[in-house]
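When the chains are written out, they are named A, B and C in that same order, and each has its own residue count from 1.
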Amino acid sequence: MSDIKKFMFVNRKAPYGTIYALESLEVVLITAAFDQDVSLVFLDDGVYQLKKGQQTKGIETKNFSTTYRALEGYDIEKLYVEKESMDARGLTAEDLLVDVTVLTSKEMGELMGQQDVVLSF
Amino acid sequence: MPNIEVNGKSYETDEEGYLLNLAEWNQDVAAYIAKTESLEMSDNHWEVINFLREYYEEYQIAPAVRVLTKAIGKKFGPEKGTSQYLYELFPYGPGKQACKVAGLPKPTGCI
Amino acid sequence: MLHIINRSVLGNAAFDSCLRVAAPGEILLIEDAVYAATKGNALEGKVREMQNRFKIHVLMPDLEARGLADRVIDGVSPVDYGGFVDLVAANKNCQSWL
């Protein structure tokens, strides 16, 4: 169908210090209702959003990391992580709580250029 | 904040009657909320309510109706995985009404 | 595509991230990022080098507000608010490096 647009959500912030990560996730879940081509990108500190084993009791904040696992049920299966961002933080794909596609900076830039809409968080 | 009272214990809710603290939920509260929604609770109703509780426990969100329908069908069989089935159980919307009985917040993206 | 930067590029990762990831295109510096477009700043060399891959624009009202309107690096194109709108309209999409 020609009215399907490519939406990319670019997540660049760590999960709890600011509201960006949670806001992004909520917009993603709402967007899922509109049957568009949705990709999620995790860059810079954004890769921390996907770190396994988050425990938020001590900071009395909702642990929304498990919600990323629900995305599959919402038919959102395109999750991309930039390799350089992961490397710079000592993380590997095994540290992440969902299956992702790891891209180089260059591949990420090209993918970004192909989108109809880029939403920045 | 409004309150509801069940078996002598008081529970805080929001303006629309959704339980504020989902840890306080129990079957009696659920039955009470169901009555205010004019629902006759059957085993089929409870099946959906318990499923929603488990889903929330695992993912920390209440699922969108489309997602709930698909997941119910997968778990309890295709004859239950239709929006018609869920709307018959919860005429005012499986998302909105069932979540209320289940003590969950309104589903994200519920319009 | 257009890449917008709104934070000071000194001590902020957004600028480096944009340069690392972005495919060749256009960059617009606004708000505190306009300092990067000024002669003599620590990143001037980098900005000059970037011009091989990107057309770089700077939002003049933000630069004027900071008293640096007379120091724009050669080759960086000054734009006003109308020019900002034109850039957004002329590009297929846009990423803000918040």
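Couple of notes before you dig in:
Just so it is clear, a contact is a pair of C-beta atoms (placed from the backbone, for glycine too) under 8 Å apart; a residue touches a chain by one contact, two chains touch by 3 or more.
As the structure is a computational prediction, the values presented were derived from the model and not from experiment.
Counting only chains that touch, the fewest steps needed to get from chain A to chain B is 1. Among the chains, the centre nearest to the mean of all shown protein C-alpha atoms is found for A. In whole angstrom, the spacing between the mean C-alpha positions of chain A and chain B is 28.
Look at where the CA atoms of chain B average out and do the same for chain C: the two points lie 50 Å apart.
The mean-CA centres of chain A and chain C are about 26 angstrom from one another, to the nearest whole unit. Across the interface of their complex, chain A is touched by residues 58-61, 63-64, 66-67, 70-71, 108-109 of chain B. Put simply, chain C touches chain A in their complex at residues 1, 13-14, 17, 20-23, 25, 92-98. Within the complex formed with chain C, the residues of chain A that make contact are 10, 12-13, 20, 43-44, 82, 84, 105-106, 108-110, 112-113, 115-118, 120-121. Only residues 26, 29-30, 32-33, 62-64, 66-67, 69-70, 73-74 of chain A touch chain B when the two sit together in their complex.
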